[in-house]
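Multiple structures follow.
Two complexes follow with subunit A in common, the first pairing it with subunit B and the second with subunit C.
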Partner chain A sequence: MIPRSKTNGRIEFIALLAAFSLFLSTVEYMIPKPVPFMRIGLANLPLLIGLGLLDSREYILLALLKVLGQGLVTGTIFSYIVLFSLGGTVSSAFIMYVLFRYGRKWTSLIGISIAGAMASNITQLQLSRLILFGDAARLIAPPFLIVGLITSVILGVFAERFVETSAWYRRALEKQL
Partner chain B sequence: MKLNRVGDIVILALSITLIALSLGTYKDFSGEPEVHVRTDGGEFIYDLDVDTFATFEGPVGETTIEIRNGKVHVHDSDCRNKVCIAAGWVSSPGDWIICLPNNVFVLIEGSLDKGDGGGVDDTAF
Partner chain C sequence: MKTANIRLFTGLIALPAILLQDNPFGIMLQALYVIVLALTHGRKFRLLPNLILMLSVSSAHLLQPNGYLIVSIGSFPITLGALLLGLRKAFTLIALLYLSHYMVTGRPEFPGRLGKVISLQFYYFDKITSGWREITPKRPFIKAVDTLMLNLTEEKAASIMSIGKDEVVFNRRELLENILHTVVLWGLFLLGAWHILPTL
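== the complex of A and B ==
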């Protein structure tokens, strides 16, 4: 997928972030939730951190690895539920990447995180409207979106902080240049 | 570090607007109780406060419901056992009458905390 010569020291970012995402999926899966649809979105943290480190192809790869990892941990990889995960992750990854590329001056990772969470939630709501609930899906929309907003702000603050202070992140950035 | 960039504020504002809009969908469910009738021919909605008769076609014939004084019952039905007629009058949100042979489902929808619908019901009492 990525030529060997270009991967020196780069593929490790993807692998590390994907492993991080897998771990966070496990943590998230352990946390009891009132409704299974309510996600904290911990596994999206590597996607936020990876924004500054990866190019578009690598970013897509990371997003797909996240879906794979999440599917493995929750055991839903061969069920239709993985469609929700895939749809949400791909749309939020797309939105976040575009925002980061073209709007970094005006938005911090907090805004990007919120936008990603909203994109993911809206996609999943649309999917649940089409696949599961029909029009009744709009009933779960408000709590779903509110929880998404709150958790995405927290994740965004954390990611922004991490990017500002982490020595690992600084080294990784230098290595990239 | 703080939420001090234009884009952040715009995104946050958009998200909150979206949530507010999505909350608006709950309004449909807090209104006056309505009588929903689901039949082979589709779903019909009647006002519980307007006295009326309505007849629906089903697989075994006709089913007529009557709405009077904020209550609804099955007035007549071509089914065999007349369970729906025996069910009598219903008036609270969540109450229903069903005629299985004729595939007519009468359901009262509306906010549970309006009127006496949200209180302790007869069964619980």
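== the complex of A and C ==
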């Protein structure tokens, strides 16, 4: 059984990553976008960094906290927007976690980031077909997926560099071992 | 109960009145009501995203013709049924968005262990926001983020148990106001359901 103090320490660590995600989402909120639901996905950076630091339950908690925190800060927690956020985050977290655990040998964080973004975007497109646009959702699919591809490559490169050079990441990894 | 939690519960009770509304005029009034509610409680109204949402949802619904033909643009028919359906959907989404804005004014506290973790997340969020301001230089970005995370990890966070202790404050006026909001939103739903409001 894990001692309670250690559990609290892990929860604090997850809360820190979730807070970092929240911080990045507020940074992203300030960047003007041509269409409201088009996102860069900066807030996914802690999810990419967390892949090597968290077990599956902790990772699910981080993904949930990301959605809830963003919903609370932007005030959208009880609106349709949170459905998009939840769908996108859960699907991308699932794909990224599976790829990291079972395909790390063949995939870099850039590849994982692209897979996560595509999973998130496809889920959100399906949701927008169901909730907002009906079959007309296919019209927004090409620009949505292209923007997702470009931003996920940038995010993946950033995550890869961060994991390689960060003293904080190294220390967190050492604590785990 | 905290004031913020009264708003949260009011929103939860009023949610079905908006979701079940099928009168376009009724949903328009409900949307206006919750927008004013959110605005009077410190939230901002941004016209452009709402306009884009309304235009995009309405025009997407026009692709499936339904009901009375208003006008044809070339071979493209603009039908009343499709237009009203799109507008109703857009107003529902806008109403839900601003109701949600209202519900979280004052940061409600969620119960249980998850609630405590969310409080801890906001504790760190405040630390990150203030810590980021103090970090100089902010370039290279990776180095700055690394320094920020190192500083935060070294700080001993307050115990999970001590964060998010709910202050029991009973505000009678707030409660009465929120009962009124609930009555208005449900009243508009009933007026729509009983066909007392015009159907456009």
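Following the convention adopted for this analysis, the second predicted complex is superposed on the first by the 170 of 177 C-alpha atoms of A that agree within 3 Å, B and C clash if a C-alpha of one lies under 4 Å from a C-alpha of the other, contacts with A are read in each partner's own complex, and residues count from 1 in each chain.
Everything below uses one rule, namely that contacts are C-beta pairs under 8 Å (C-beta built on N, C-alpha and C of every residue); 3 or more make two chains touch, one makes a residue touch a chain.
Keep in mind that this is a model prediction, so the values were computed, not measured.
Novice: Have a look at where A:77 lands relative to subunit B and subunit C in the superposition and call it first, second, both or neither.
Specialist: After superposing on A, A:77 lies in contact with subunit C but is clear of subunit B.
Novice: Pick one for A:136: touches subunit B only (first), subunit C only (second), both, or neither.
Specialist: second
Novice: I want to verify the contact counts: of subunit B and subunit C, which reaches more residues of subunit A?
Specialist: Comparing subunit B with subunit C, the partner touching more subunit A residues is C.
Novice: Kindly classify A:98 by the partners it touches after superposition: subunit B alone (first), subunit C alone (second), both, or neither?
Specialist: Neither partner.
Novice: What is the contact status of A:106 with respect to subunit B (first) and subunit C (second): first, second, both, or neither?
Specialist: first
Novice: Counting only touches as set out at the top, which of subunit B and subunit C does A:145 meet: first, second, both, neither?
Specialist: first
Novice: Per the contact definition in the header, classify A:16: touching subunit B only (first), subunit C only (second), both, or neither.
Specialist: A:16 sits against subunit C, while subunit B stays out of touch.
Novice: Would you sort A:161 into first (subunit B), second (subunit C), both or neither based on which partner it touches?
Specialist: A:161: touches subunit B and subunit C.
Novice: Quick one: is A:68 in contact with subunit B, with subunit C, with both, or with neither? Answer first, second, both or neither.
Specialist: second
Novice: So, A:171: does it touch subunit B (first), subunit C (second), both, or neither?
Specialist: second
Novice: Name the residues of subunit A shared by its contacts with subunit B and its contacts with subunit C.
Specialist: In subunit A, residues 161 are touched by subunit B and also by subunit C.
Novice: Could you list, by residue number, the parts of subunit B that touch subunit A in their complex?
Specialist: Counting only subunit B, the residues touching subunit A are 1, 3, 5-12, 14-16, 18-19, 22-23, 25-26.
Novice: Within their complex, state which residues of subunit A touch subunit C.
Specialist: Against subunit C, the touching part of subunit A is residues 8, 11-12, 14-16, 18-20, 22-23, 26, 35-36, 61, 64-65, 68-69, 71-73, 75-82, 131-137, 158, 161-162, 165-169, 171-172.
Novice: In the complex formed with subunit A, which residues of subunit C make contact?
Specialist: Residue positions touching the partner: 11-12, 15, 38, 43, 49, 52-53, 56-57, 59-61, 63-64, 89, 93, 96-97, 99-105, 107, 114, 117-118, 120-125, 127-129, 132, 142-143, 145-146, 149-150, 152-153, 157, 159-160.
Novice: What does subunit A use to touch subunit B in their complex?
Specialist: That would be residues 99, 103, 106-108, 110-112, 114-115, 118, 122, 138-139, 141-142, 145-146, 149, 160-161, 164 of subunit A.
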